Structure formats: C-alpha cells, structure tokens
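The following pair of complexes shares a single chain, subunit A, combined with subunit B in the former and subunit C in the latter.
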Partner chain A sequence: MMIRKLVSLLLAISLVLPLAGCWDRRELNELAISVAMGIDKSGSQYQVTVQVVQPGEVAMQKGGSEGMTPVTLYKAEGTTIFEAIRKMTTVSSRKIYAAHLRIIVIGEELAREGIGDALDILSRDYELRSDSFLLIAKGTTAAHTLGILTPLEKIPANKIYESIQTSEKVWAPVISVTLDKFINDIESKGKNPVISGIKVSGSNEKGGSLGNMKTTQPAVSIQNNGLAVFRKDRLIGWLNQEDSKGYNYILNNIVSTVGHVDCPHGGQVALEVIHSEAQIKSSFQNGRPRLAVELRTEQNVGEVKCQIDLTDMQVIRELEQQAEQVLQGILEHLLEVSQKKYKSDFIGFGNALHRSNPGEWRSLKTDWDEIFEDAETDVTVKVKIKRTGTVTNSFMEERE
Partner chain B sequence: MPKIEKISNRQLMVLVFLYTIGSTILIIPSGLAAIAKQDAWIGALVGVVMGGVTVGLYILLWRLFPGRTFVGICEAVLGKWIGALLSIMFMFYSFIGSVTVLFYAGNFFKINFLPHTPFPLINILFAAVVVIGVRMGLETISRTSELMLPWVLILLAVLVFTLAPEINTENMLPVFEFGWKSLFWAGFSFAGTAYMPIVFLFAVFPSVLNVEKAQIGMYFAAIMGGICVVLITLLCIMILGPNITSRSMFPSYALVKKISIGNFFQRVEVIMAGLWFVTTFLKTTFYFYGWVSSLSEILKLNNYRSLTLPCGIIMIVFSLVVYPDVVYMQYWDSTIFPPYILTMGIFIPLLLWIAGLTKKKLNLDSKKNE
Partner chain C sequence: MDNPNLQASLKVNIESIKSCTNGSDDLIVREFRIGSGRAERDIAILYFDGLTDERSINQFIMEPLMQYGHLQGDRSDSKENHLLDRLKNSVLTVGQIREVDRFEWASDSLMNGSIVVMLDGYLTGLSISMAGWEQRAVSEPTNQTVIRGPKEAFTENITVNTALIRRIIKDPRLTLKNRKIGKVTKTNVSIMYIAGIADEEALKEVNKRLEAIDTDSILESGYIEEFIQEESYTIFPTVQNTERPDSVAASLLEGRIAILIDGTPHVLLVPALFVQFFQAAEDYYQRADISTLIRVLRYFGLFIATLVPSLYIAITTYQQEMLPTQLLISLAAQREGVPFPAFIEALIMEATYEILREAGVRMPRAVGQAVSIVGTLVIGQAAVEAGIISASMIIVVSITAISSYVIPEFDMSIAVRILRFIFMGLAAAFGMFGVFVGMSLLLLHLSNLRSFGVPYMAPVGPINIGDQKDVILRVPHNSMNTRPSMFSKLNPIRQRRARNKGK
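Now for the complex of A and B:
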C-alpha cells in the first residue's frame, strides 16, 4: 500500500514537468517579428529582405525615444528563399517569425523574370498566412522600398498595408491582392493576375533615417501606384491610374470613389460614386467569343466648380450622360490596353466564358490569349445621379 | 462476466454524428476538389446519398442480427472457422483505421502547430487519451461525446457565420462541368471516408437500448453529419476556390485562417481546430474500440480491457510507420483505400446480409417441413 501511494505521488509530481510549457514554445523575446518581406533577384540568387519590428521603439511612450529606428532590415542571399531566411540568423540575434507578415514586396526586376517559383514557399510554409498583400516595387528593388521610414504609422509595413486597405475603399485605382487571389488567377486559364505597385518618391538618401519622420513633409514617401499586369507569372507592364480605375470598375472592386465631368460652359463637377456594379457577360456569336461589360453606377454630386442649375432635371440628365461617356471611355481604353497593348486577359473574360459556356471553353482555353486579342468587345455604362449633397445650387451660382 | 454496458439511442446518434464528421472534414474537401473541381460540393452531396444507402444496408444487417457484433454475425453466418477468418480481416482493418487516423491527427499537429515536437510524442499524447477513454468503457465515451456535441455545433456555427462575408459564388460556376462520372467518384470517396467506417460501430450496436429508435436516429445523424461536411466543402469551394482547395493538405484549416471580422475577430484558427480535435478523437476512439473488442471476441476473452494497453502501444508504434511519408499517404488514400473500404464496408456486409437472409429462410423452411 505504501509503495502504491509513493508511486502515485511520484507520478503526480511528474505531471508538473509538462506544465512548464510545450516543446515548440518560443518566447516573445526570442522572436524577430517580421512585418514585411521583400524578394529581389541578385544574379542567379534571391535576395530576401525582412523588415523586423524593434519592440522597444514601437511601444515607447512619447518623449522617451532613444532615437532608434522603429524597424530594422535584415538582408540575406540564397539560392532558395527558405535558405536565405534561415541564413538571416547569422546577422540577427533572433529567428525570423513570419506569422505577422503584412506585405510581401517583389522587386520589379524579379517580377519581370517571373515570380511563380518565389511564391511557392509563401504558400507552403506553415507560419505564413494568406492575408498578407502582394506588392510590386515599381522601378526599384524591394529592399529599397522597405527601407523607407514613414510618419503616422511607426512601422512602414503597417503604413503600406493600412493605406491600401483604406484607399481601396475610397479611391478607385487601388486594390489589394493577396497571395490566394494571385495563385487562383495564375492557375485559371482564363485570367492573368494583376498586382498593385508601390513606388518610392522623393530623394533617395534620406528615406531610411529617422530624419525622414522628423519633418512635416517627409523627403521620401511611399505611394500606391497603379497596377502591374502579368502574363502567367511574369510582369509585362503597368496600368496607369485611369486604367487601374477601369480595372477596378470591371472587377467590381469599387466601394466608393470620386471622378469628375466637364460642365457645358467650362469648369467641372466632381461626382462621388456611391454604388457600382459591373457584370462581365461573355457569349458566343457565330463561333466567336463576344465579350461584354455592363456597368451600372449610382453617383452623388460632390463638388461644383461651374455655373450649372442643379435644380433642373434636364441638367442632371445631361450630367449623367457626360458621366456615362467618361466611364465608357475609361473602360474602352482599358480593354484596348488589355487586348492590343499587353495582349493579356487580366480582366478575366476567359473565366467568365468558362462559367457561361463550359463546352466551348474547353476548345479555346489552350490558346486563349491569342483568341482574346481579336475578340469583339462591347461596353455599356449606365449612370444614375441620386443626390446633390447638403445644398442644391452652388452659392457661386451667379458668377460672371 | 462483467456487466454489459448500455448506451441510449440518443448517445448513439451523437456519436454517429461526430464519427461521420471526424477526420472527413479535415481531409475530404481536398480530394473532392481534385476529382470534381468546382463541383466538389455536388460530389459530396452524391456521397451523402451513397452514404444513405450504405447506412441503410448496415441497419438491415443490424435488424437481421440484433444483439450481435460484427464478429458475432460472421460466426453466425459462416460458422466458426470461416467466420473467424472474416472477423480477423475485419479486426485488422479497424486496426489499420485507428492507426491511420492517429497518423492524421499527429500529422495535422506536426504540420500546423508543432513542427519541432517529435512526432511520437504527439501521437503518444493523443493515443493515451484514446486508450484511457476506451478502458473506461463505452458508457464513458458516449457521455463524453454528448458533452462535446454542443462545442462542435457552436464551432461549426461560428465557422459558417464568420465566413459568410467572404463567400464568392462565382467560384461555383460552371456547374456540372465534368459530368456524372467525376461526381460519382467524388461521391464514392466521400462515402468511403465518411460512411463506410460506420461498419466498425457494429461493435457498439449490441449495447444500444431501444434499438428501433436508435436505428432511425443513427440514419438521421449520419445524414446530418454528411450535410455538415457538404457545407464545409461548399465553403472551401466558394472561398478558397477549387484550385487552392485541391492543393491544400488540410483545406478546411486553410479556410478558417480566412476568418476576419472587422479586424479584431481573426486568427482564431487554433480555436476552430477544436472542431477537428474532438471529432478526430472520437473517430480514433471508435476505430480502436472496434479493434480491441473484436480481438477480444475472437479470442473469447471475458473482457476487452486487458487488451487496451498492449493494443494502444501497438497502435502508437504503427502510427509512426504506417505511412513512410505524406506522398505515400496521399497515394494510399486515393488508390488503395477506396477498394479496400468498399470490400469491408459494402461487399462483406452485403454478403453477410444475403447469406444471413437465405440461412434464416432455410431454417424456417426446414422447421415447416418438420
């Protein structure tokens, strides 16, 4: 009996051991929390840049700053990205922890050569999550882009992430692309992927120092800038602001945005889009695909810069027609860019065709890009102006 | 002779429900999407229909031999020696089943949460709970499953509602692209994973009180369990898309990673994984129970409990070697498992049922003649 009790006691005590924690524990002070990852080409190797948060600097109370930068960059080169990331432990005291990655930036040079292979690890590794944004560093390297410090948000990666999130809701040309979306596009035969670009503007030297954050007008800033067009996984060109806008209209990514139309007698009226709904309707006519886009938007008058009588229904109808023409122009230009300039169906007409005519699609899908080039297109736009804001006519109505 | 354990018809219902979901929910959407692409959910529905037939067959067999386990049925129909041979095949399969599901559980942990923890340790911890549960007996496990049911339902509801905003119905189109053939195979692999393992619950059937109600309840629970998996498959297709679903090791886990409500209700996948733990635990438990109870019945032991510990150790060791690597696992699951489960889950029960029916008829006839 005594022995039995003793054994039970020993067993009970041994239960304390696993209480100490699990095998895979990693304490916060052993982690380098990375918020952004940049991937560039360096000869035949990848150059990986990781933006790591300096916990002390970010959490610091006002005035207590030691004058250190809020983030640190680590760089390493490797034949594969995985090796490069592990190699970083030779310069960093902590292991890179990637679960909080917000953005993945890819240098334009690498993007032009193809990024499919570089992205494999991002979908394979268990630590990474599918909600980080993919971005292309326009005209520069990812490493350079990640080296810029920004005001308002101490962590530049957060700045970029949040500015995309905010911007895509209120400003048409911006859209976020996550890894999942990109992979889905690459795999489907009927749509080529698109990724947002970010651009560094301003003089180059100062961006990485704290000085950039200490002035009201930072010398260097990071800006969301147009969309990068891909064929398969290779970057083939950029869309300008207007075309990016058109892209988002067609893909139904518009939550709200602002555009303007010209008044009949000079000046402009700004119109706020409050609702937008686009449909891609692909069909077949005489064995040839016909690609149609139908767009319906509701808009409000947001700003008046000309002499115009907003109480007159006729004027409103005219404004609607003007807005329709403007949008029509934007969409048609985008289609032309897509068909003639880049010869790449990044809008997803192929997928629409796949959905509506799965039978015909089977014979088209292998050389869809060539067929797409000559396909007939048709754009219809319908605009409805709903409200004019808190006033009717401008107080400058009687202007000379 | 120890007292025979009894479970209520409601308890049977609960455990059939959880048993159907267990491990199916984790792996099946991927296989379905690989076969039927965006029609995976229809394939799953076809699977539910096939499952209805399968479970119906089991109920017929149960009605023919009330109060007998699978081993008992084999003996009654085929006699002592051939019956024993069949019973050993059956037992061996429940052994393989428990081992592979244990591997799944460990593999899931290893890939997603604990990459540096030794694989044996994960399996030992998981198996220990299973063995303790089975040692405590059927009544204990059944009550445990009743206790776990609300949690599973809550997590399922949270999963569906929090993912609803992410739904993109375009991913479902075009419907019926690959025709009935692929749907049939998808449905078959679904039924094979979700429903045919119910054959191992024959070890439980003799303990059920109120058999009539239990049979109807079991049918209902099996269908409901299947519908839950159809729902998850549908969400996988609508949110992840067929490509990513078929490419993921654990698509439903990739799915819950997507949950993000208003930037604060997010990164809850580890909590959601509770769904997987509970159901997979029950599946392993009943495979294991089927194995040890059949073994003890074949060996004519009074009590299966003395077998749990040695069998548990065998299970752990085998779970480490059953699949040498994950690529082999996928090969086995897609090429060897279907005909295997078809034999054990459909052909043999069907054979037993027909043979049992004729035998009974012959008996009746001979009695009349006398």
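Now for the complex of A and C:
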C-alpha cells in the first residue's frame, strides 16, 4: 500500500517535468549572442543595430576560420525598439540574446533629440544588464560605428569595452558611464548626465570588411573621444579633452593619469598623477549658492625635457606651483563651460548642495539650472610632488 | 531421524549421521578397533574431505589412538565414560575438543571442519576442531590502498580476521561475540567492540537487529548490511565497510562496533556517518597539514562529482548570463553543429562512461585492453570530431568521473553517481532553480538520516565544535585528546594533554 502510494507520488512529480520545465530553455547554439546595440533615428522610427558574434570565427578551432567576419550586424526599424529587435528574426536565424550586451551606442542625432524614451526598454527588459557601457557615436550613426572591425580584439564591442576600461585607469579624459549610472543621473535633480563619446576615424568604406584588419595600420579605427554633455536626456554639446580631464578630476574618477607643466626656462616636465582627491563643497552665502572645489593630488615626475635641478627643493616647489596653476586653469575652464556655455550642471553641484543645505535645496531644485548659471565658484588646488623616478636629474643636465 | 541423541550402537550412529548428510560421498568414515582383549572396542572417526587437515588427523588422532589406545581402558570400569575420558584427557593431543551427544551437533561440527570420534557403546562422541582448508593468504588491500601505512587486508577466513584485529589492539577489553546467521549457510558472524568505550545502547541495537535477521543464507557482508541498515530509504550508506584491519581498530577505539562475517574480507562498521566516508586510513598516517588539504580536496571532489554536469546543463541552457562573455562565446563555438540539447549530450556521455566503467569491472582480464582502447576512442576525440558531442562536455564528464573516485569509500561514490543523474534531470527541467531546490531537499534528507541512533550529519549537523577536529581538519595527533563524542560518551579521554613532545 505504502509502495503504491509512493510510486503514484513519484509519477505525479515526474509529470511536473514536461508541464513546467523547459519553457525558457535555449541551447547555446540557438542564441544570437549580441555584444553591442546601436540605436539611431530614422525618420519617426528607431533604427536598431545589433552586433552579433559568430562564435566559430571568434573562438578559433581546428580548421576553424573560413574567412568570415567575427561579428555580423543585424538592422531593423520599428516604431519602438522592442518591435525592431523582434523584427530582426526576419533576417536572423536566431533570436537576439542581449544578456551579454557590452556597449550601447547611440547616434548623435538621436542623442540631440533626447534618449530617455529609447532607454526605457533597456532598463525594463529583464534580459539586459544595466552595467553595459553607454556611448555616443560622435558625428555619425551608431550603425556606422558598430560596423567597424578592429584588430587585437576580434569583437569590436569588446575592443571598445576593454579600451574604455583600460583607458579610464591611466588616462584622465576617459570615463565609463554605465546604463544605470546614466539613469541615476537623469533621475537626480542636482546633476545632469554625461556620456563618453566614441569616434570613427579614417576613410569610411573599408571599415566593415576583413581587409581593414589585414594591414598593420587599419584604415578605419574607433577611438574614445571626449564626453557628451546632456541637459536632462538631451545632448547639448561636447567637452574637449582638457575639459573631460577636469570633469574626471572633480568627480574623483582619476586612478592615474599624465599631464605636463612648462619649465621656467622653456621645455616641459611630464607629471604622473598617482593620487587625486577632490571635494565639492557647496554652501550658501548671502542667499546665493557658493560652489567650491578642492582638489589635492600627488604626482611623480615622469619625464624631464628641460634643464632644471630636481635635487633642489625650491625647484620642486616651483613645479608644484606650476602644476597647481595648470590644474586650476583646467578646472576653472570646465566650470565656465558648464555655467556659461552649456548652462548645465553636469558636475553635480546640485547634489552636493542638496546634501549640505537640504532646506534651501527644496526651494531651489525646480530651477536649479538657472541659479547654477550665476553661482559663485571657487577652485583650490594643492599638488605634491612625491618622487622623481629612478634618476634625480636628467642625464643631459648632469653633462653640463 | 526419530531419536536426536546418539545411541550406544556405533553402527546405528554412523548410519544416522550418513543419512543426516543424505549419504554425501565426501563424508569420510574410518572404522577401526582400539584396545585389546576384553577392552577391545570399535571406534570410528568421521570428517568431511577437504574441510579438515588430513595430515593432522593422521598425526594427532589416528596415531595416538592406534598406538596407545589399547593400553588404557577397561570394560569393567565402573564409570561408563571412562574410556572416552581417557581418550580425551590423555591420548588425543589436540586443543579444541568437545563432547557431543546429539546428531545435530555432530553434523554441525562436521560441517565446520571438525572431526567426530565415536566409540561403540557410548552415548557421547568427541568433536575435535581440525579445520584446515585451502584459503587465501593475508595480502594487500585491493580497494583501500595506501602509500604509507599497514599493507595487510582481511581475508575470507573470520578467525584470521579477528586475529588481525587482536594483533593491533592488545587489550583484554576488546570483546568478541559470535553468532550464526542463516538457516542454511549458518554463517559465522562476530561482533567486536571494546568494552567500556563502545556505547551500550548502540551495542544493544546492533544485537537486536542481528537477532531479527531471519534468512536462509548470508553470503557476504552486503546481506547483513541491508538487513541491519536504517529503515528509512536512502541512497546514502549508513553502514561502512572496510577491508583494512587498521581502519577497524581505529573505529573500535572511537567507540564503534565492528561486524565480521565469515567468507568475506569486508568488515562492517557501525554507526557510520557522512563525514566518515571522506576519511581515509592514510589521513592519520601522514602529516596533519597535508591530510587537511586532501580532505578539502575530497569535499571539492564531492561537489564536482555531484553538481558539475548539472550546473553545466543549467547554465548553458537557462542561465547563460552567468557565464563571462568570452567563455560563453567559446562554449557556443564548440556547440555549433552539435545536434543534441546539452542534457541529452550529457546523458549520452555519462551513460557511455558508466557502461565503460561497468564493463571494466565485469570483463575478463584478457579482453581489458580491447575495451579500454575502444573506450578511449568513444569517450575521447572521435565523438568530438564527429560533431556529436562538444569538447566542453567531454571535459565536464571526464572531470566528474575522476572526481567521484577521490571519495575514499566506494559506497559513497555510488550514492554520488546516482545523485548526479537526479541533479542533471532537475537542471534540464528547471535550470539553476531546480539545482538549488534539489540541493535543499538533499540537505533536508541528509539531516533527517540516522545511523544506529546517531544523526548522520554529525558532528556538522547538529554541530559540535569539539568534534570538528576530524572533519575537514585533521588536527595533529597530540591535539586529539578526546574521542569523537557522537558515538559514545563512555571514556571520552584518548590521552592526557601531550607532554611527550620530543623534548
């Protein structure tokens, strides 16, 4: 009796397998693994481009490469992005699998019109990760950017992803902006978002063929280029390299970078920033917001192109002052660009004010952008030079 | 047989015993006369051919009887048994000797390799133990091998086996209790324990369960194991078996109970807990630090052997987002052109491996090479090159197969093999969700088990900090001051705080 009950229970349980199981089962070779998605404007519709990996071409196996490109592009147009993606199955044999999306590229034209609506599906769909990098294709369409093949990394999206990751650690003007960070910035009243830009350089025709990768100097390449400034979800302009640098200094995104200062008697000294710490201090004075930036950096002498005596403390102190002036200039220029040119608080002074004076902020936040324009600013920079490398003076100096 | 007792007539007695054994032709009956004159008597010795040591019979029984038997004894002796007593006390130069007065006992002792001496006119006979049959010598263990440590294993002979243990534990408290189980085979089964260390309750339980066995044959320790194991059904072993006398000795010293069965080199140990199936004898013979590392490795092996195929199936068919992008792409590249779903692929390879393994155990030695060559072809390159199986699946199945043999006890690795298929099914149907539900159920099941009253997961669940010294860690011997507390609370002290630190 007991056994009969047990057996019938087991049978009942085994019925669950075909009933409930397997509904979202997908084998690896049924997936179109997409690593990059581009969104452009096409009339009143969206044009969605997806960069899909051809696994056999990327992971080289014995007798592998048949000379096909490592990735392929699928394009579709639709009133909504969701429709466009589903429509891709009319050209693709497999369903687009977006969980491994590394980058999302948005064409500049669309960005200027506003990307809030376009990003909705990206944050809503469960399959997408919110940690993929958001990028703006500077001066071109996303579709064009994603069509460029790159050397070293077979998958262009990976190339872009990795190069941003590497670059932001050692080169000040570059910063990665993930989807969730961007959405966070949009949501907050006291900061406007920025997004990194990428640029296609070189002649345009060959970029999408394997020929581009068969030379030592590819005709077309993709490059990280400056930051795009937004007001709400609309692109309003670009920061140049110096301003991008300043942005990262203020937002504490610097892990390490290199800059240079002029020597007293001509020539330059390259300084490597090894530590940088910035603080935004907003306060109220006489009913007007006062925005202060304090930056403290530690630097090493990296390269000397002039005749100075590095063993002299006085010289080091002069270099420090020089560096302070350079940084001061960069930061002040950035603040001016922010306040006067773009009239957009993309640095996040508003948020700082919110934290320091929550009471006043409540009355200011609705028209913060206008108030921000006239706010007083104050920049202080402190530089300390720690080390001069493995030699003290340049060997050219020693010779004299 | 009408009368169970021996009669006065020798002829009748011989006929009775012959009919008792259905006239088997290997029953040897040697009749002759001893004594002289008035004291002359008919005497018979009976034994089974091959069960006894023929040379000893000639030397220690026939010779004294024929040479000296006639000197003693007198029909006029008042005491009826006088001659028999004389024979027993001063003629027969043998150790184990016993009087029998029932046919049943006589035939029993014949079966066990004794010889029966019967004297005309007496109602009792003598049963003399003279067992001596061909047997395997003590040799190296075949399943539980060690690099460092004793290299002798039990044999099929129970007396040799008990002697092997007694040679290790030279203490009068080491107790041996015999019983016979099996109505037809009458197999000798011995319980061994150390009085004062083994738990009384567990001992009673073992005796009770052995008592309850009612079967006609016990051919191997597996029979006993299945009769005495816990009632609730489980794929996990709750009785341990070993072929190493040193393992048995160590277990006895921990307060466990050994059950020896005649005819098999496998000795049962109870209670048996989950963690014990991951302890190998060698753990205690080599350095503590390396033993600890190897223990960690074994539990890692358990994890791999149980879960890796199912995790592979779950992740590649449901949760692809858990893979790093590069890995996903290279796995996808390998799967290009593979016609089966990952689950079927895994089933094919696991089944192939299990078939190879089973064939490897059962096949005649002579064809071994042929099977292994074909096997490596199937499980190896050919399947991948033919595009039927992806290379990554081969890797998964191979590492799984090897890992299951890191578990020192074979019984446990069998349980793991069964589990593996259950988990694969769950993974194929429900993905990671299925695997985790399965793991929770497994944990509940394990926590629910008991072995002879001891929680199966002790000392991990219920946790006992003091007993952690021999679970994942194997602390140095000079720190193992107490016996594990889960088996017995009697006499917990193994040693006083170590002063013998070689100073």
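What we mean here is this: the second predicted complex is superposed on the first by the 374 of 400 C-alpha atoms of A that agree within 3 Å, B and C clash if a C-alpha of one lies under 4 Å from a C-alpha of the other, contacts with A are read in each partner's own complex, and residues count from 1 in each chain.
What we mean here is this: a contact is a pair of C-beta atoms (placed from the backbone, for glycine too) under 8 Å apart; a residue touches a chain by one contact, two chains touch by 3 or more.
Note that the structure is a prediction, hence the values are computed from the model and not measured.
Applying the stated contact rule after C-alpha superposition, one finds that A:P358 touches subunit B and leaves subunit C untouched.
Look at A:G266: by the touch rule set out above, it reaches neither subunit B nor subunit C. Applying the stated contact rule after C-alpha superposition, one finds that A:R129 touches each of subunit B and subunit C. In the overlay built on the shared chain, the residue A:N29 is in contact with subunit C alone; subunit B does not reach it.
In the superposition on chain A, A:G287 contacts neither subunit B nor subunit C.
After overlaying the two complexes on the shared chain, residue contacts for A:Y97 are found with subunit C alone; subunit B is out of touch.
By the document's definition of touching, neither partner reaches A:G43: not subunit B, not subunit C. Applying the stated contact rule after C-alpha superposition, one finds that A:V53 touches subunit C and leaves subunit B untouched. In the superposed three-chain model, the partner touching more residues of subunit A is C, compared with the other of subunit B and subunit C.
Shared interface residues of subunit A (contacting subunit B in one complex, subunit C in the other): 22, 24, 129.
Residue ranges of subunit C in contact with subunit A, taken from their complex: 316-318, 320-321, 325, 328-338, 341-342, 425, 428-431, 434.
Interface residues of subunit A, counted against subunit C in their complex, comprise 16-17, 20-22, 24-29, 31, 33, 35, 53, 55-56, 58-59, 61, 97, 99-100, 102, 127, 129, 155, 158.
The touching residues of subunit B, when paired with subunit A in their complex, are 111-118, 121, 170, 173-174, 177, 240-241, 243-244, 247, 254, 257-258, 260, 266-267. Subunit A contributes residues 22-24, 123, 126, 129-131, 180, 183-184, 187-188, 351, 354-356, 358 to its touches with subunit B in the complex.
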